[in-house]
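By written order: A, B and C. Residues from 1 in each chain.
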């Protein structure tokens, strides 16, 4: 019976695959016939000789720093905001606060960064400010949820013991809970920063500054050579941030 | 009457847990300021519950409690916190965060007496490292000042927890098996340190001990606890072997009902230090 | 006077100075300006825009457009995954060490020349997935025009790279003894794969692929912002026209879509396990 069910499932999947192509009326074969391959090849050729002129490299340098700053400041702000929201979300201020903040955190992270960026461009205008705000909002939702889970899983006894010496809640938290949960928070924040570097690069597509905006513009102007340079810069940036993040994780999270 | 001259009182106090299990019942206890008392009894007798009750951690389900001349559960929260800053509880197992340095762990004793700003600043740079060193020196741990808690043995951690309470300088000290991880010589020495503090600062001291000989040797007044009730409350010299036999009779190795609060946060084996 | 100085003091100060030194240019470059969100004029505009979100657009004509866009997104994700599979499976088979014949006498490590032959394939997989799919989408939109084709191609390429890498790893993580036995007996690699690797790996492969399909749906919506069709493209259009009600409707649809896809993928993965 199960085999029949699995077979039916397989057929259903294959049918869906076929239907999706049919629905889109995709003419993939058309892509490979007539003039199209030649045109695409000529388009692609433009990328094979990246432009390395000094002026462009300087702009790319600036764009890279902008992207880096966007992701770093965004992740930093998001960590602070996320931690503030994680406290009620972990249930430390009662059930109502927990439900409300959990809902808020879910809303923040359900909306993709690009959509946030488009909204922020409307609110704050073009430029990296919109990108930073977008990353902050989305990432606080993600980090807030991760931090809340970390807080829920950490033992409450050290902080409780400090409360018994008459300490205020803030001090008890900082002396009792934070030292234990700190490596996890840092690990999550570093991981999100790695992700945000990739996102920061593309938020520029909706006008939020950085390398993404440069890429969008050069592609719109059909300047493939410049575009290729920007793409290379993006890849390099991602690689460097991954390396740094790995090092930081080893140094402070595992050794700690 | 100032806080200094007050002891503590329990009037027909009882404690039950949410699941209905009765931990303590019918407790009548009167302790004058500056007294040192040992609490002994079999496992599961309720020694830890009693100490947590006296620390104002647990609220009595019946009866009344007076600590340092005040009824803690009639006070508003802020004043109860102020009262608690005068009460030092040394918990069973140590409640110290693994990654924290010893100096910060000890300084945390005065969190109830410092302002929040000072507390947070001290987290970055210890503001009274000398004071912490002084407290640790009494327990021969001054050289561990800047080490991390997870680099210490179980017995050393216990002594750091004691140092924290010494640094706190409370008027009422409650010690739950403070020397359980120490060899007899060190245990005796450490109890001596606690008693000296109590003498010098007119502090009321109650310590629960597993080793009856230590209790009888160091404390002039001993309370025997069994099944949540006080079986005897006598000067040490008046306790006979028959009393002790009755207290520990049929001590079985069943798992005692552990109150929710006392789970050790760092799941260490407690080695001899 | 304390004989030791706080060893952590200097590193902390330096770290703080470094952080501050980096913070300032960071703030300048990111042009962070939270005030703009609270500026009165802006708040008015935003308030107006946000208030237009309610009620979400629900006229029949729009709902039909919405349904079509959603179906298109689903189709883009599914078609894109099909292409990705077509790309990933052969590449994974080529790159994986599980089917390496030179590895048989070497306990699982292929000979250097066999590894070298695999590098171009692995390199191709890395290149395919290192460039974010939205960049591919942008490129394809310029190359083949606006619409779903660009989206399908972009997903096909990036996810092909992702799936190829993960499939290879899954193959290598199964128990390879049956496969090696088959290879030793002279079986062609494809047969050895079908009879040796596939039975063990199928569950994990399917599970991961379904999970990736769910991600593909989200990616399709994002790519729509650069013109690759589907729900994303419609959201972008409505945003540019400040049609708040339509944006609200479409965002809600997106959230519902993601939720349903998540539930469906969990059910499917449970069923396949």
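We adopt the following convention: contacts are C-beta pairs under 8 Å (C-beta built on N, C-alpha and C of every residue); 3 or more make two chains touch, one makes a residue touch a chain.
Owing to the predicted nature of the structure, the values given are computational and were not obtained by experimental measurement.
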Handout entry: Per Cα centroids, the chain farthest from subunit B
Key = C
Handout entry: Closest chain to the centre of mass proxy, which here is the mean CA position
Key = A
Problem - Pair joined by the larger number of C-beta contacts - B-C, A-C - result: A-C
Practice task
List the centre-to-centre spacing of subunit A and subunit B in whole Å, with centres computed as mean CA coordinates.
Solution key: 49
Exercise for the section: Can you check how far apart subunit B and subunit C are, centre to centre, with Cα atoms defining each centre and the answer in Å? Expected result: 55
Completion exercise
Whole-angstrom distance, CA centroid of subunit A to CA centroid of subunit C, is 11
Problem - subunit C-facing residues of subunit B, complex - result: 101, 103, 124-126, 129-130, 133, 145-146
Practice task
Name, in rising order, each residue of subunit A that touches subunit C in their complex.
Solution key: 5-6, 9, 16-17, 19-21, 23-24, 26-28, 31, 36, 39-40, 43-44, 65-66, 68-70, 72-74, 110-112, 114-115, 118-119, 122-125, 127-129, 131-133, 198, 201-202, 205-206, 209, 215-216, 219-220, 222, 231, 234-235, 238
Fill in the blank from the handout: Within the complex, subunit B is touched by subunit A residues 155, 157-158, 160-168, 170-172, 174-177, 179-180, 182-183, 256
Completion exercise
Per the touch rule, the subunit B residues reaching subunit A in their complex are 55-57, 81-89, 91, 95-100, 104, 108-114, 116, 119-120, 123, 168, 261, 263-265
Practice task
Sort out for me which residues of subunit C touch subunit B in the complex.
Solution key: 1-2, 4, 6-9, 12
